[in-house]
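Please read through the structure below; I'll follow up with questions.
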Amino acid sequence: MTLKKRLGTTGYYVVSTVIAVVSMFPFLWMISTSLKSQGAIMSIPIQWIPQEPSGDAYVEVFTKFNFLRTVGNSLFISVSYTVITLLSSAMAAFAFAKVRFRGNDLLLKLYLATMMIPTQVTMIPLFVIMNKLGLINSFGSVILPSIFKPFAVFMLVQQMRAIPEDYLEAARIDGAGIFQVFRKIALPMCVPTLSTLAVTTFMESWNDYLWPLLMLTQREQMTLPIALATLQGTYNPQYNVLMAGSLVSMVPIIIIYIMAQRNFKNGMMAGGIKG
Amino acid sequence: MKKHLSAILASALALVLLMSACGPAASNPTNTPGNPDPKPSQQQDTPPADQPVTITYSNYNASGGNEETLQKMYEAFHEEYPNITVEIETIAYNDYFTQLQTRVSGGTAPDCYELNIENFAAYANKGALAEITGVDFSGLDETSLNAFNVDGKQYGLPGKFSNVVLFYNKDLFDQAKIDYPTADWTQDDLQKAAEAIRALGDDIYGYYQPLTYNEFYKVVAQFGGSLLNADKTEFTINAPENVAAAQMMADRILVSNVQPNEVQMGGIGDWDLFMSGRLGMMPTGIWAFNTFAEGCKFDWDITVEPGKEQKATHFFSDACVINNASDKKEAAATWITWLTSSDKAAAIRIEAGWDLPAIKDQSTLSAYLDITPPANRQAVFDSLNYLVVPPVIEDYSLMSDIIGQKLSAAAAGTLTVQEALDQAQSECQAQISLK
Amino acid sequence: MPQKANRRGGPKKDGLFTAVPFLLPSLLGLLVFSLLPLLVSALISFTDWNGLDQLLAPGFLQEHFIGLENYKNILLGAELWKVLGNTGAYIIMYIPLMLAASLLEAYLLSSTRRGVSAFRVVYYLPVLTSWVAASLIWTSVLSPQYGAMNNLLALFGIQGPGWLLDEKWAMAAIVLVSVWKDAGFFGLILLSGMVGINKSYYEAASLDGAGAWKKFWRITVPLMSPAIFYVLIVALINAFQLFPQVMIMTDGGPNGATQVMVERIYRYGFRYFRMGYAAAFSWILFVIIMACTAIQMKAQKRWVNYDA
């Protein structure tokens, strides 16, 4: 029995490590390539570890665009986007899960059905709408769509349904209004799911590419993925620069993720999907 | 419940109509769509010249290396015209046209912008561009100007031009003990030299000229063929001359293998292959000069590309155009004229080695000849005698994608050359209506 | 007051008044950012709009309306079927591989052993990467001569294929990259289903002498079927909308082997100036996705277990 258990543990670590290596492998390659000179990238045999590591690619990345400004833009957009998504979705989820009204189910289904719309279908009309709203070249055009995020609504409905009616009932008997019930009871009880969603939403906004590209044309408004794309020259790909840029663009989100990790784990558990 | 849904849909529909009917004046409906006739630019819709005005200029050419050069040009311009402020937007080539098209259709296109030859015809024909009037662009080269002239109206000014010459690695020629290429070479001479260099080693290749649409239409011209008939009413993609041209290009990959196939290339760029010293010859743009001067650790030079029945060399030019919906056309015209034809802009461009200004004045250009390597810069100008212009049609991108895809199948050996061109011919006929 | 009505459970659901303020922001978003553009795009699909003339300018419809022409051309042409074939090939490879990989990751992460939290971060790294960065990295990794992948295979004496440059392998390479990128995300969703399972089931199975393998298939998988179902729905929708990795890594090539729906839509709309055609194409895609989702919803009754 103990032998079997030990074998199981060994097997567990072997398999986990193999998968970890597979996940990490492209990143290691990215780091290695970013430290090579353009010539070393194509040496045969290839250099797994750069023989003469050089930071030139990083210097080029940082001279090509204003890093702090770009990160600042990305942060501002992603944080606003996330906050609005969470608030708006939690409100909608509360209505769907805890208020009975005509068409409740149908409307929720309509919300979910919009997840199937390919973004390309709506891109041009949405651009025209943003233009009519006078939002082109303002962060608002990138942030505002966050008020409608069916995925977040769906996750939160699941969680809110799990809140026992008695809790809400008790609060109401104590004289709390419906908004207070939402704020003091429903929201706190959804913190796990909210924190999960915070990370996924933040990530989605942080990595979004095509939409900000269309909306924000001014250089000072560039977000990280767009800045990364401008590193691709018109003619000749410089992989060391592209890899350095990729790494630089990943660092902030990795830091944020590791910081949010603990909450995130609990959130995913509690927001568990059950029928 | 049904009632609710239909109410939602109805109100959405109402919103559509509302927005389309009475949107605020953020956009400038100066002309009805489909009408390519712009208003004369110097009419009441432009402010007087002495009032400060800010215009936007969008471009992709400066991205990935020449942002500062363009900025320098602008600063020189702004000294001369302190009233005109230009907001420069530099966007990566891959995304430039997506963004531009969205902005044009949304009515928020920049006042002036850059277009490549592939997109120029479509934009001009669809009324997105304003005729350039009221400015003096006589200093610009005629050939380049003509490329952007539609029915006698000048819709674009050539911002720069560049062409393609044959680059060769002198060291590999020395090792193979053969003579350097000259301007008199034909494709047959090139083939012999390529084979001699290929014999130097497994990893060493003689020549690289990818079987792409761009290279194809040029080689076709060298073989005396063309992709369209003379009045551009009929595709002639699978004409015998064209098949012979493509066959020669494919054989170099599949038969003599003097040229690496896709897998032998291994996903690296052709420039990188040349710079690694393992490629004897390649035709490529003169915009490679700076990169090669920095990156090549061997002797190299250039010459005019070899021909077959006749010589034919590439000519690439980008246009600076004015948005037909702009209300600052005059300032925009002043800026793009200065940018394309002023001596100062030309001097900055040459100094930075950023292609060639499309100007007539040879004395400004002569500075260009003094820079080495390559030693034989004269070949750049000699090549201009054999220019072929791509067959500009409205559906240019669709045509070039169809042909390109079939050619790549031929290069991989999936289709024979004849099959590939036959299929390209029939697909182009089916999908594109020529006028 | 409302809850009193609820209590009685009668048909009188009069909470609409209460619900509206909560729904208002997202409802507005639904209208303006989703339904309205959807309607406009439906309108565009009945036109020959080139994408350059101003959309919905006065006289827009009179000038451009062509009825069902776009739909007719797409459905009667060969391209749609070829592209659907490519998408099908992607789905057939991607869904099982992704499901296997994410199930395995979820299983490993559900353990309480030491170091699990480190593994969780590592498994999630690909998810954190943007598609732009991930595609650039993998293009470099998969370069046949100078990339890490084939040189790694060569250490084991395997001659790697041309990956993205080879017509036969390009789609497989796209699948590989997509599984790498998505497994962590779906793995976490599955994990949430897995940890929700009541421990007593396992204890009972242990008493019956069931091994880990048997427990996994007899208890874990059936009891987490709602989560699996959800993952399948989302993954299939995503698979039909496959785009950024194709655009950056292969651009639809080689020889059209990786041309997929959204790639075509993008190209017709933004490269070939056929926005009406592209809009019709995207509506066909929308209908296909809805049909597939509806089929999955129907089929779920046979295998999804909501009693956990």
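Per-chain residue numbering starts at 1, and chain names A, B and C are given in the order in which the chains are listed.
FYI, a residue touches a chain if its C-beta (ideal position, glycine included) is under 8 Å from a C-beta of that chain, and two chains touch if they have at least 3 such contacts.
Source: prediction; values computed, not measured.
For the pair subunit A and subunit C, chains touching both partners: B.
Across every pairing of chains, the maximum count of C-beta contacts belongs to A-C.
One inter-chain figure worth recording: subunit A and subunit C are separated by 15 Å, centre to centre, where each centre is the mean of the chain's CA atoms.
A straight line joining the Cα centres of subunit A and subunit B is 37 Å long.
Touching two or more other chains at once are residues 32, 35-36, 39-40, 51, 55-56, 145-147, 266, 275 of subunit C. Multi-chain contact residues, meaning those touching two or more other chains, occur in subunit B at positions 8, 19, 27, 98, 102, 105-107, 268. Annotation for subunit A: residues touching 2 or more other chains are 41-42, 44, 102, 107, 110, 123-124, 128-129, 229, 232. Subunit C contributes residues 31-32, 35-36, 39-40, 43, 50-60, 63, 139, 142-147, 162, 164-167, 253-256, 266-267, 270-273, 275 to its touches with subunit B in the complex. Remark: subunit C residues 2-3, 5-6, 13-16, 18-19, 21-23, 25-30, 32-41, 44, 51, 55-56, 104-105, 108, 111, 113, 115, 117, 119-134, 136-138, 140-141, 145-148, 151, 180, 184, 188-189, 191-193, 195-196, 212, 226-227, 230, 237, 240-241, 243-244, 261-262, 265-266, 269, 275, 278-279, 282-283, 285-286, 289-290, 293, 304, 306, 308 touch subunit A in the complex. Against subunit B, in their complex, subunit A makes its touches with residues 38-39, 41-42, 44, 64, 102-103, 106-107, 110, 123-124, 127-129, 131-132, 134, 136, 210, 213-214, 217-219, 229-237. For subunit B in complex with subunit C, the touching residues are 8-9, 11-13, 15-16, 19-20, 27, 29, 32-34, 97-98, 101-102, 104-107, 122-123, 126-128, 262-268, 325, 394-395, 397-398, 401, 405, 408-409, 412, 414. By the touch criterion given at the top, residues 1, 4-5, 8, 19, 23-24, 26-27, 58, 60-61, 63-65, 67, 87, 89-95, 98-99, 102-103, 105-108, 110, 203, 268-269, 271-273, 275-276, 285, 287-288, 291, 295 of subunit B touch subunit A in their complex.
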